[in-house]
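Two complexes come next, and they have one chain in common, subunit A, joined by subunit B in the first and subunit C in the second.
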Partner chain A sequence: MAERGAGDRGGFGRGFGRGRGDRGRGDRGRGGRRGGRRDEEEKWVPVTKLGRLVKEGKITSLEQIYLHSLPVKEHQIVDTLLGGRLKDEVMKIMPVQKQTRAGQRTRFKAFVVVGDSDGHVGLGVKCAKEVATAIRGAIILAKLSVVPVRRGFWGNKIGKPHTVPCKVTGKCGSVTVRLVPAPRGAGIVAARVPKKVLQFAGIEDVYTSSRGSTKTLGNFVKATFDCLMKTYGFLTPDLWLETRFSKSPFQEYTDLLAKPTKTILIENTERIEA
Partner chain B sequence: MDPDTNDIISFQELSLDKENELEELEEEDELEEYVTVGFLEKPKHPKFLLRHRFPSKTGGAPAWLDPLDLPTGKSSICDFCEEPLQFLLQIYAPISDKESTFHRMLYVFLCPSMICLLQNQYEQWKHREEDPRRSVKVFRCQLPRFNAFYSSEPPRRDGNDKPLIVGAALCSWCGTWKGEKVCSSCKRAPYCSKKHQARHWKSGHKIQCHQIIGNLETNSSSVLREKPPDKVACRLWPEYEMVIEDECAFDLEGSEDISCETSSLVPKHVTDDTYQFLLDKFEADDNKKSWASFQERISKCPSQVLRYSRDLMVNPLWPLSIGRPSLVNIPKCKYCNGSLCYEFQIMPQLLYYLGVKNDSDSLDWGVIVIYTCLASCESNVRYKEEFTWVQLYPTAPVT
Partner chain C sequence: MGEVHIGLPGPWAENCREKADHYTTKIGGLPDWPIPEPNIKRELLYCRVCDGRLCLVAQVYAPILSTKLNIEERAIYIFGCPNQDCGKNPDSWRAIRLQKGDQDSEPNLALSNTLPSEKESFPMDGASNWLKDTLLMNDSGKLNDGSVGDKKLDDLARAFSEASALSSCSKKQNRKKRNNSSTRARVGRTTAEETPVPVLPCFYIYFQTNQAHGSIDAVSSFYSSLTLKEDVYPATDTDEEEKWVGETYEYDKALGADTTYLKFKKQMDTYPEQCLRYSYGGIPLLATSNSIEPDKCIHCGSPLVYELQLFSPILYFLQQAANASVACSADGWSWITLIVYTCSRVCTSYLNS
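Moving on, here comes the complex of A and B:
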């Protein structure tokens, strides 16, 4: 009368128990429930507290996240906040190989730049066995790495900012890229590769100068991105005013006081350029 | 390229990049793991979540498997703030190999205070001998098929199912723990602790008490028993039923990666310093790597709240690489001194469904992993405590 095996449970329901030896593949024929669940799958269920705050709608702009240097771990956060304005472009697909016992194993490395042409850019690099997977992965990584870009004026402060606020330079590998403010109407004076990145950033006029082996696209793109990241790191006289701190959405007040610099810069610029 | 001839030729050309090779093997092995995931769904009827139906559920009050010998005293309170613990979820996880585990339920309780959870995370590293305090507790209860509480036939699911005996009185405030103490004035309302008695008194029992005493004098009707605890007032989490699915059922778009057959026209790979720079910047440290694989794994079914696998080969899915336990940190079973093994983990998506607020001090976790006795031992204690491990997201931004 000893009941053995899952089948003898009758109507009791198996619950979560599967037994240790059972490594079956499961029933793929459950189409009904899976079909109905598809729509739910598209919906985003946040995993981090920041994600939950964004989903609720408590955080309305990326600037609030930048202000407190909160790490963005879910790309859907950027999707929700920047919405449809975000455009992406694949810069290059490069096959890379590894030698194995059975020949060479090729994977594809995708470089994707993402941006809303209004002060936010992101760069993503992903390597995968299939091109489509690599591109998808790179877009996600690019969204996670979106940074703010500071724009300024060349001369008279009339109208909207259109160029970089000062001369900045970025370096990656042997490639150095230097961005120099330009007057209105100059356009982006740059090579094809950084021009794309600068367009996505929303910079309208700039002079560039590059050095090093710019043929390596990876380094070239990364150097430009690095340069753009530095625009908000440069202390200009209009940022000399001390800032009042505001409370982060979910960090202790003491944590905030420990990292003052970034908060000062961003808060002030927001006020000026608002 | 013919793999056989290639074998002989490329044997000498082997670039013994051992790490990468192991990585490849791991990638293939992951697809073989057999994991069950749990989703939350609104129950079709609250009756389905009563204990004689052996439910797996979240929130509300627990459906105690053994209704008489409930955990009491120190097991039911948070060791840091001395508040009674709140019910998080329970799963029905029978083991078909043994007779004594025909019915087997695992209950998870935790203190809703984040301060206690932070202290818990610190204390869980301590050795068992030091008797660490915990704010997350898991209980396991098992029964054979023929027992005193439930019929040995499966429930008929026609609305007429009832357990064989009535359970012990539960606290009138939380409905979770055993009501051992009674209200001193009406002598009718059971409570699990002084704190709950005080809260119930303030929020309405003061008025009701007199009514009950009045009722007792006129006729002996136990009005209080039928009134269920006010879930809103005592801030119990919303009740859901847990639906079980195999993870591989979602593998539709998963493993469609066709390994590219290489041709000899493609030039050989040359390691470049520039790639290394890019790798360092974008595919950085261990934390990011584990986060990336975590995201990838849950993207198959993003609304999962629980992952279950009693397979010894399966490792828990950690979101971060810091804060993971090593073999030393996992103690032996408290009752039989046998080893513990990973059984299930609770995912952070659950917080979204529970509607937990997102203030600076509200509840948040990365993952809660539960280790249970490998042998699922029997002992005098009906509700045996198991080991939990909490991994929290770092509070300060980790660069």
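Moving on, here comes the complex of A and C:
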């Protein structure tokens, strides 16, 4: 198999230095003449199609992404759409060890929860050799896992929703967590660790009940997160109305780009819970 | 395995139809053939699905310089169909490899006479042959000299119209191309500029060698949104019940992304703008775990070796630059990466006059 020897740089250097190639290291002002922006902060070059749509501003809220169950593969998407409302907090950094022939290898595992206290929450877990790397990686993973949280009422439907809409239960490992609607003013009745996740989700009042080995707090917090993911998966009578399906953003904007002169009527049938 | 060269975007071309030489690596624009364009078989330049004219996506100068094999005049051209429907079909993609062989078994006078005058930097002697090979592009595509090429698109964003998760699609694309053309009319004219061919916005690529892997961890510090004070740790747990026990190493996982994709993204984040990754005989950077192994070379049967891959920032830059004056745009495409494999024996088949 032919391999590139030491002279391969010369090969590229030739293409680089000959003809039009020698302007390779010229100005990197990309798109300056074509209308693209190149601020120093906006160095995000989207890799996925969804990222490109978000960067252009064609998608304005996370709810459009959730409505069509599109996977979010770039954390900058969540950053752009939720912006400064998203807060993050490190719940725990713990060392995990692996036994090797040369002793023990210690890595750090970071648990980070992000949320805007208004219906969006994400949980990220990352192992890395250094603490700072683990924290940064966990923040990115948490942003990739942001989910919507449905809130409802305990009794009278007055004011804004403050509690979970129904009893939901989530499980991870041996830990099961059950969230029960609570009246206003009850507060979050939970252990310290899942209470943080529920605060970040924007739930104000809830009763919780847990079962299993809650000492494994990693599983405990993941069970709570799983529970919050299920709130929008629960069919309640007010969702009985048949859905009118709208076009996925990909399809909508593919048509838009194909015929730039035609105006597209965008039908928005997403139901945002009050 | 050689080192990895990262192709980063350089300056835009002033005019997307401007000419360079075949030593230039660029995205978009018109292909700079070292031989006159009529020499190239027509069916190579036309889409197999819709029979429309293909536009150049990338032109890479790819010499092989090693002790065993020394081919300096070698270039790879990657074509795609700008038609909206063809972009999703792997059959519409095409890669062509052109190289100059050392042995001149068939001196082709017609070729030598018709070197276009604009290519003065062309160092070939009069009696040298340019070997035209169609490349097969797979996810693990091989570049062959010769007719058949497999092309597989690692396209994670194919399911647009479905409201389901993106899935990677890999289809083999076989393309038959006959190198030998005995009926080629040799006319001493320049590369065909008369018929308007679709052309993408053009920019040049410059290469950097990949830095040591130790710096990958530092990349996440680029993100200004991840500022976190180093000494902010959660309060120590004084309660007995809050001992976090039983934790072991856990692989990265997010709701929409699996471990393979997260590793891919980590590599992409070292150079967020990277358009091209060249590593002859190296390992491709895959975005999904279900990739298809490359077949053997159609012509000589030798195994295919990974050569280069394109990334989706190309689509981003092309779409940013798209305007009405450009004949075609990259809007119909939505792949994450395009992997090109070439024949490990660098087999050739000569052009017969």
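Note that in this section the second predicted complex is superposed on the first by the 209 of 274 C-alpha atoms of A that agree within 3 Å, B and C clash if a C-alpha of one lies under 4 Å from a C-alpha of the other, contacts with A are read in each partner's own complex, and residues count from 1 in each chain.
The criterion applied here is as follows: a residue touches a chain if its C-beta (ideal position, glycine included) is under 8 Å from a C-beta of that chain, and two chains touch if they have at least 3 such contacts.
Predicted, not measured: the structure shown is a model, and the values here were computed from it.
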First, second, both or neither for A:Lys58, with subunit B first and subunit C second: first
Contacts of A:Ile93 with subunit B and subunit C, given as first, second, both or neither: second
First, second, both or neither for A:Ala102, with subunit B first and subunit C second: first
Touching partner for A:Cys172 - first (subunit B), second (subunit C), both, neither: first
Partner chain(s) touched by A:Lys222 [first = subunit B, second = subunit C, both, neither]: first
Touched partner set for A:Lys73, first subunit B, second subunit C, both or neither: both
Partner chain(s) touched by A:Arg244 [first = subunit B, second = subunit C, both, neither]: neither
Which of subunit B and subunit C A:Glu130 touches, first, second, both or neither: both
Which of subunit B and subunit C A:Val193 touches, first, second, both or neither: second
Subunit C-contacting residues of subunit A that also contact subunit B: 2-5, 8-12, 14-16, 18-20, 23-28, 30, 33-34, 41, 43-49, 52, 55, 69-71, 73-74, 96, 98, 107, 124-125, 128, 130, 133, 141, 145, 216, 218-219, 248, 250-251, 258
Of subunit C, residues touching subunit A in the complex: 1-3, 5, 9-13, 18, 20-21, 23-26, 61-69, 72, 84, 121, 156-157, 160-166, 201, 203-207, 209, 217, 220-226, 228, 230, 232-234, 239, 241-250, 252-257, 261-262, 265, 268, 272-273, 280-281, 305, 311-313, 315-317, 319-321, 323, 329, 331-332, 334, 336, 344, 346
Interface residues, subunit B side, partner subunit A - complex: 1, 3, 6-7, 10-11, 13-15, 17, 20-21, 32, 34, 36, 38, 54, 56, 91-97, 99, 102, 104, 145, 153-157, 244-246, 248-250, 256-260, 262, 266-269, 272-275, 277-278, 281-283, 291, 295, 298, 301-303, 308, 310-312, 319, 344, 347-349, 351-353, 356, 358-360, 364, 393, 395-398
Subunit B-touching residues of subunit A, taken from the complex the two chains share: 2-6, 8-20, 22-28, 30, 33-34, 37, 40-41, 43-49, 52-53, 55-56, 58, 69-71, 73-74, 95-107, 124-125, 128-130, 133, 141, 145, 172-173, 216, 218-219, 222, 247-252, 255, 258
Residue ranges of subunit A touching subunit C (in the complex, touch as defined): 1-5, 7-12, 14-16, 18-21, 23-31, 33-36, 41, 43-50, 52, 55, 68-74, 79, 88-94, 96, 98, 107, 109, 124-128, 130, 132-133, 135-137, 139-141, 144-145, 147, 191-193, 213-219, 248, 250-251, 254, 257-258
